[in-house]
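Below is the structure I would like to discuss, written out as structure tokens.
For clarity, chains are labelled A, B, C and D in written order, and residue numbers in each chain start from 1.
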Amino acid sequence: MGNTFGRLFRVTTFGESHGAGVGVVIDGCPPRLPLAVEDVQRELDRRRPGQSTLVSPRREADQVEILSGVVDGITLGTPIAMMVRNTDQRSRDYGDVARAYRPSHADFTYQAKYGIRAVAGGGRASARETVGRVAAGAVARAVLAPLGVTLVAWVDEVADLVAAVDPATVTVDQVERTPVRCPDDAAAAAMIERIEGARKAGDSLGGVIRAIARGVPAGLGEPVFDRLDADLAKAMVSLPAVKGFEVGSGFAGARMTGSQHNDPFARRDDGRIGTLTNHSGGVQGGISNGEDVTLRVAFKPTATIMRPQQTVDVDGEPTTLEPRGRHDPCVLPRAVPIVEAMMALVLADHWLRWRGQCG
Amino acid sequence: MGNTFGRLFRVTTFGESHGAGVGVVIDGCPPRLPLAVEDVQRELDRRRPGQSTLVSPRREADQVEILSGVVDGITLGTPIAMMVRNTDQRSRDYGDVARAYRPSHADFTYQAKYGIRAVAGGGRASARETVGRVAAGAVARAVLAPLGVTLVAWVDEVADLVAAVDPATVTVDQVERTPVRCPDDAAAAAMIERIEGARKAGDSLGGVIRAIARGVPAGLGEPVFDRLDADLAKAMVSLPAVKGFEVGSGFAGARMTGSQHNDPFARRDDGRIGTLTNHSGGVQGGISNGEDVTLRVAFKPTATIMRPQQTVDVDGEPTTLEPRGRHDPCVLPRAVPIVEAMMALVLADHWLRWRGQCG
Amino acid sequence: MGNTFGRLFRVTTFGESHGAGVGVVIDGCPPRLPLAVEDVQRELDRRRPGQSTLVSPRREADQVEILSGVVDGITLGTPIAMMVRNTDQRSRDYGDVARAYRPSHADFTYQAKYGIRAVAGGGRASARETVGRVAAGAVARAVLAPLGVTLVAWVDEVADLVAAVDPATVTVDQVERTPVRCPDDAAAAAMIERIEGARKAGDSLGGVIRAIARGVPAGLGEPVFDRLDADLAKAMVSLPAVKGFEVGSGFAGARMTGSQHNDPFARRDDGRIGTLTNHSGGVQGGISNGEDVTLRVAFKPTATIMRPQQTVDVDGEPTTLEPRGRHDPCVLPRAVPIVEAMMALVLADHWLRWRGQCG
Amino acid sequence: MGNTFGRLFRVTTFGESHGAGVGVVIDGCPPRLPLAVEDVQRELDRRRPGQSTLVSPRREADQVEILSGVVDGITLGTPIAMMVRNTDQRSRDYGDVARAYRPSHADFTYQAKYGIRAVAGGGRASARETVGRVAAGAVARAVLAPLGVTLVAWVDEVADLVAAVDPATVTVDQVERTPVRCPDDAAAAAMIERIEGARKAGDSLGGVIRAIARGVPAGLGEPVFDRLDADLAKAMVSLPAVKGFEVGSGFAGARMTGSQHNDPFARRDDGRIGTLTNHSGGVQGGISNGEDVTLRVAFKPTATIMRPQQTVDVDGEPTTLEPRGRHDPCVLPRAVPIVEAMMALVLADHWLRWRGQCG
């Protein structure tokens, strides 16, 4: 269970990292939207391993095939299924993973839950599962495009290195011009150096991604449980390695007073009502207010490290796990398009929900 | 939409703050569980306004009535409906709220979404909606009790005041012995003083609640989207005034290295496999690992303050909103049972989900 | 589980026949619709016991209270909760029902499922549960009214007595002018006589209700599983005592040839494309085609009869159940507004679904 | 929307008849069940066109590939995706279908709903969509097997030809020994002759399929909306060409009296409580009672016939549609495994639901 996301724009992902492939079925996509396979491939290429020296050297072409729901580049309104075949399945020996639980991986918990697990490559817990999310996100962008909604995410922190940028002005081009996907060039350089250092040390790093959606119309989001920010929180914390989520002022906001934190309303030059500050992060009472929707996502350091680690085997006996295989010392750069995709899924779903109930 | 939470243990809340009442319907509760109305009332009393000088002086008895689903103190397996009548509906003039948008309240966004709003008392955006959640949480506790799961939450921070406690040892009694619900007596005294100061200043304060679930069996939680921590994130961010969520190491974990953050497995004295540290917060790959499930929730300062505020009226004209009515300078103490309730809802739901698929 | 119906227009009923009351929560109702409590009461009065000598003499005022979601006769878009208190709970001895399983009632199956059951009055299996459905149906009608959709249902058969009417022309007034709710006056008279005869004989009768929705726009209904007719089938078979469902030509259609059954398209006088016949019952490929949506629902004879019946007690020992209490020899007349309500729920839901995805 | 079926055992189908392929994703399948690709292929072979002269000569190998969720013939508990590539896509000219609406096909309604349609092969409205259902049904059988549940369905009627069999004793072998899948050899011969006659006449025939599930434990099914029979009704009416559904006594039951229809309880030889008759069709109050679950499904004659038909073109102008392509004069024989598959899906889902709430 739990492999479907969204109420009206419903996304179901499938596939293990080392089976036939990974993919997604989108049910509820509006008809008559332009959707080229290149739109999907572009986002997958941003997520792909091997795109720079910073990330996993695993080389997968990750060529997506649209199996259904699109004819002549136009959506039909019927389920859009997309698949990426697994190709880079080195026939390495996974015997060590079969015998011992890797610390802070999902080996132990999958075994506890299911009484069985796909040993090779981590199964559904592998970041490879996010291929389906990113492909679906590209479709969600096509849903949002007519509304004028645009998304941008970037690496805001790696370890204790923090980008110094004005979030309101960051562009996709600024983000994409460095392999670390940080729009602050100086911070980006430091982050790259730090990540290279971690690789050499056989260790890994975490960090924070910030994301902004601009042009979100006021009125999206549901009281009570399906608040826009609650669904964004679920979307982000459902990603591998995420340990924290903030909307608007986040944890810093908890230290402010009400008179500091409240966002005063004012009439904008264009006549629309807006707020003078945006501590709310574009969401009030769970519903978008027309300001930028802003959030931050904390990623722990990757669990895979190139060092011997103490653990237990499947019988509970102490053992040492020797480092093997490939190693992505910092997943943040590749997670940027994934965060954007999840944000797009939530917004597209809530847009259709608004239209259904209130349109 | 969006007023239902959970997949198998499904909770639907209803009611505006100033209508006939607020309540909840729970569908999917297992049969043959003992459930007394007092079990529910006890939790509602912890959430109730007017229980101490720290919180809102609004006095509501909040007497719950169980309308269905329980006979002779035993659950039937059929829907459990519960209602609390609204009683303290002072006939004050809400004309100012009708005419102007209160900063950082949901007046504007409800109007934007629905084109109409319940002016009196904030409607569904009122914290009064959480009555239904807390009542449902009491039922969820009855589901979890046979498993040996226990929950405790407390006020970990108010503004910049931080409790110094060992989370692993905090008890409900420690929490409940001060009106601020902070188990560190010294910090509690400082928090109380700070809150009283904010009341006098007509201002409000935010803070952080920490919650722990002990005794959660390994194996609860779903890959991929309905991870246990993702559902907890949604549960918490769906609460009024919440701006941030952390599981386990949270944002601090983003600054650690993998070799620091990974939780080594070891065999416990009782023979079970456990981890020597718990940066994971009891969840790995979205599934519980048998350790304490730990999370933190950041609340912004309450939007209602007793100070004049600049805003616009419904026509977009600038206006000043004068302070009126009642004021809860810090909702954190009352939010403690609400956080516990939401945690119980998520755990009960995932317990039934596990049993359905894997039991 | 299973007490919620609908995807966007979501209806959750609650309540046992002999507890505090029965009710419903509707989530997802569009905002700004006029809805008076009288609109709901009117439909409940049609469903009420004791409205004529034909149906159960149980006298319940069935006064509905709207608990939330409506202010000043206008829907808010938030959950609409409605409740009817149980009043006519005679303190009769249910000891016989507690000890023995009534044939073709749900005593045995509830016990088998839950290991417990509400003995008094049949619990959730009581037809009293349909109060919530009818109340929700009144709200669904308010959703459909702006579209020009109108519904009419009537008793088409009682036992082997069949109404002879042209379905296309039947009006609500024709239906309501006899207590048996059959628009064919001659058949109505015969049905009334037959039902009175069954009452005297202590026996019960079944029959068939036909329902038509006019003015349904083309395009409602989903491939593949949530076909409009599939959701109508579920809606109808979810009613107590229903054993069969037909859309359009139904079982008779299975004996036709394709060249007889196919509905030729033609241009209507008003320029719209329509069909010359309507064997399809207004639904093709699961989607409405703009013609009248027509269906028939078969009800078995009521299980409660005033005759001694052989059965077993809870220990499996043979026993004779003596007739007791009240007896409704034919539920068909009272089921007419219930069938209409379920049809309205399905159509309102699919209208919002269409608007969400394709609007 | 609407391409997912089931609450815990969730089946999502995808694919158009003339795109890359058709398939299914199953979420929520229990782990550790044996599942061989041959188990799935066997059911698909029963559904396949071209298996006899009675059905469509379209020759498709319909080779299924399991993409995920199964390792070494054992289910993992993660999504099981399966796909069948489309191969027999004759490049015939669909210009006539593009220009004119085929009577009683879904061309017109898809166009009305989506404003676009997959012209070639009927898109999602094609019976080819049922490939995914049958594949999923094979997995559902694996879920039910440990319970001892067995299913059998057969052609009970073709046009006015009716099988004379005792439903309680029909076996799969009896069904499969004739290409028409009718266990009454005499009736089968007559049906075959009638179908061959219809083919020669360029016409088509409808009929009725009966299905029985044996060994269903008492207690499956939910009050109120998700009754076992209501979900079976939806499952069956969601199939292409279905116009009617009966459980147990069905429409005939509506003509019986209560004293005739009630099923008396008695103790069985094995000590279990059972009923002496089974007018209820194994379901009482929406919950299985341990008797055989019996249902009947009415199929209209196929809309595709080899005769000129009057219709309108997309501009509403009258036109004549000339017969083209391939023609399946009676889909009933191929629909037998599809009906079984849908029945298996419902039972598997309700089994997991029971276990989740009551297990």
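Basically, contacts are C-beta pairs under 8 Å (C-beta built on N, C-alpha and C of every residue); 3 or more make two chains touch, one makes a residue touch a chain.
Note that this is a predicted model, so its numbers are computed, not measured.
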| item | value |
| --- | --- |
| From the options A-B, B-C or B-D, the pair that copies A-D, where over half of the contact pairs coincide | B-C |
| Farthest-lying chain, centroid of Cα atoms versus that of chain C | A |
| Centre distance in Å when chain A and chain C are each reduced to the mean of their C-alpha atoms | 46 |
| Whole-Å gap separating chain B and chain C, where each centre is the average of the chain's CA atoms | 39 |
| Interchain centroid distance [CA atoms averaged], chain C/chain D, Å | 26 |
| Multi-partner residues of chain C (at least 2 other chains) | 1-4, 7-8, 13, 28, 31, 77-78, 113-115, 124, 223, 353, 356-358 |
| In the complex, chain C residues that touch chain D | 1-5, 7, 13, 101, 103-106, 108-110, 112-115, 124-125, 129, 157, 159-160, 198, 203-208, 218-227, 229-238, 240, 242-251, 253-267, 271-273, 275, 279-281, 283-290, 298-305, 307, 309-312, 316-318, 353-354, 356-358 |
| Contact set on chain C toward chain B in their complex | 1-4, 8, 10, 12-16, 19-23, 25, 27-28, 31-32, 65-69, 71, 74, 76-81, 83, 113-118, 123-124 |
| List of chain B residues in touch with chain D within their complex | 7-8, 28-31, 77-78, 223, 352-353, 355-359 |
